[in-house]
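What follows are several structures.
In the two complexes that follow, chain A is the common piece, with chain B as its partner first and chain C second.
== the complex of A and B ==
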């Protein structure tokens, strides 16, 4: 029915300001944060992956904790961008080490970065990386940063189920 | 004693937890046995005089990678009577190896056990209060006590506090999880005051109420001044106090006809200072009977009518108890106007009118 409303092409040529709109059915598929079941049922999922986004605040909690989304919260945009930056920096610095999502919790001006990493790293390297991450991030973000990590033997320790 | 019982229960419980297929953390029996074996073997290192070929080749150019030995969780070694506030002194993200509690978190199908505390990111996300155990709070309070001053003994009731400190200043501080301390709402200052503490006369109170309008709550007798026009809290506080000063001094000024009588005295007292002359608003003299908040007998229309009536009445007909009757009549009329109509008041009014006019029907 909507197609009948769209002007024919020769009229468009006459009136160049005319805009056309997409008249096919909308694709309402929601896909982000959801995983498909494999035929062999061997796709490993962590608890975080096993619960799709609509279970946030029901079965799992947020990965970023701050007051920006409260009523009259401040610096919502800046905080979101900083969180993205922290996640990228930490993922790159601790390459292939994190077995969980990077959790960023803010208390006043303190930023706590938590997560689960593998135990493979040498102790000296680990201490260096912790200091390096904290120092650089606190220099960039101009507030104290703390890295609070938990280690597991291997990545399989965090697997919650197979689908 | 109860703490000890709990911990023992936990240790038994954790062994069951570690057998579950979901929990893959290396706290199982085999892992612990392995660690013990490593520790035992470290007693003497033997010197190998006929080196094994494969080892020799591999270790020629580069160091052998040796995985660091991970000790078992230290919660296993914790004594039951340990000092918990020194184990967890400040807020921190949850760490399973430091917390000797049998925790599980996560949603699973009914009947199954939720994931345990190891490798559980959900436990790391939520805020914990492990640093705020009752003994820790007690210790912090004890440490802070020397910086506190004692509450004055004389101010032991709310009435006394209200009497000595009638002005209440309300401000709010806002804490955000952000690097900035600033919040524009922190500048707002609310000043509250019971109007009865100002000890105003009826004219001053009437004028003050007209000036403050809706800022006065007649039910609680509270005057509330909110100041938020200045950028800083200090400025707003000063402004609120200034407003209160001005309101009270303005309302204490008498209307014009009264002021004229006093003008002479004031001018003599302070010869050159014209600002001491009380100024009045033009609207103050325009107040008529319709503007009254309450019915007042003095100066009302019915008082005037009654006076005219009495003037025309010959003296000999005046009864002995006339002042009493007039007083009763005025009281009834005032009640009738101020407190609303009902059968009782209408009857009282009727009786007083009959008495006043000398009708004995």
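== the complex of A and C ==
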């Protein structure tokens, strides 16, 4: 609006380098945890990805199951940081294998890490990776860690829709 | 014989579903109270040891035990309550009142929607805690330990338990003497 005002007045010589107000409206858009539609509609989404965050507890569930967020819950910060660390470590160790989100469930001092991986990994490799992940994580976190993996034939079978 | 009730309540900060703190704290509490009462059980610290009943000892009696469960997911609580009540039925424990408060606890955070300014536009997040209570009546110590061990080992992820026990004990000797000298008419 301001820009139009400045340019419409003939008497003022408009210099190209003229400084102006940035007068467009703020982009009040909620975009975290949501995926953009592609022009070709070919972005694959899993069920988890297809539901934006406000559907948690309605259509989809939480990815971390613990008691930190309850009333008088303890170790909220530590648990959150540990969960981030576990997720990074597992996605890095099982490179390009996980087709779903990594679910972390805590009971007593036990941590169970669940997820869906692709088939086609050599059996020995898989056993090694399971042992490696459990051993290292339980050493770092100082508590028993268990992996609960399920497999699917290929990544496409977890796809819920294309947008 | 005269009895009175004593409530053994674990401090509130100790309730937790994780890190194994819950059980150890509570069992210590029992022993703490049990030492100066008519309990003749040898003081053992771990629960597994406590399960073994030494010969010639008296079990403590519990008037009632209240289990408070809290979780972010009410369906999980309902299912867990069914599980615990079923286990109690199988063990022949009298189930008392089981109830849930009508409203969940809501921890709400109201923040600005934008990073900076624009005070009129807010966004509200909330963290809910659903509660459920179960009471079990008239238990002996060994039954209680077995039962609690079973339901606490099977606690689902994301569920915290708080257990309040009411035990029946003898009147302390000083008080008992007082009572003998008083005539009730």
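Some notes on this structure:
Heads up, the rule we're going with is that the second predicted complex is superposed on the first by the 136 of 163 C-alpha atoms of A that agree within 3 Å, B and C clash if a C-alpha of one lies under 4 Å from a C-alpha of the other, contacts with A are read in each partner's own complex, and residues count from 1 in each chain.
Here, contacts are C-beta pairs under 8 Å (C-beta built on N, C-alpha and C of every residue); 3 or more make two chains touch, one makes a residue touch a chain.
Bear in mind that the values here come from a model prediction, so they are computed numbers and not experimental data.
By the document's definition of touching, of the two partners only chain B reaches A:119; chain C does not. For chain A, the partner with contacts to more residues, out of chain B and chain C, is B. In the superposed pair of complexes, A:142 makes contact with chain B only, with no contact to chain C.
Of the two partner chains placed by superposition, only chain B is touched by A:46; chain C is not.
Of the two partner chains placed by the overlay, only chain B lies in contact with A:157; chain C stays clear of it. By the touch criterion defined above, A:34 reaches neither chain B nor chain C.
In the superposition on chain A, A:57 contacts chain C only, with no contact to chain B.
Touch criterion met: A:101 reaches chain B, while chain C stays clear of it.
With both structures placed on the common chain, the touch criterion links A:66 to chain B and to chain C.
Touched by chain B in one complex and by chain C in the other are residues 61-62, 65-67, 72-75, 105-109, 112 of chain A.
Interface of chain C with chain A (complex): residues 12-13, 15-20, 70-73, 105, 107, 113-114, 118, 121, 123, 127, 129, 155-160. Chain A meets chain C in the complex at residues 26, 28, 30, 57, 61-62, 65-67, 69-75, 105-109, 112.
Every residue of chain A that touches chain B in the complex is listed here, in rising order: 46-48, 51, 55, 58-63, 65-68, 72-75, 79, 99-101, 103, 105-109, 112, 114-116, 119-120, 122-123, 141-143, 148, 150-153, 156-161.
Listed in rising order, the residues of chain B touching chain A in the complex are 22, 24-26, 67-68, 70, 91-93, 95-97, 106-107, 115, 118-122, 124-127, 175-180, 183, 185.
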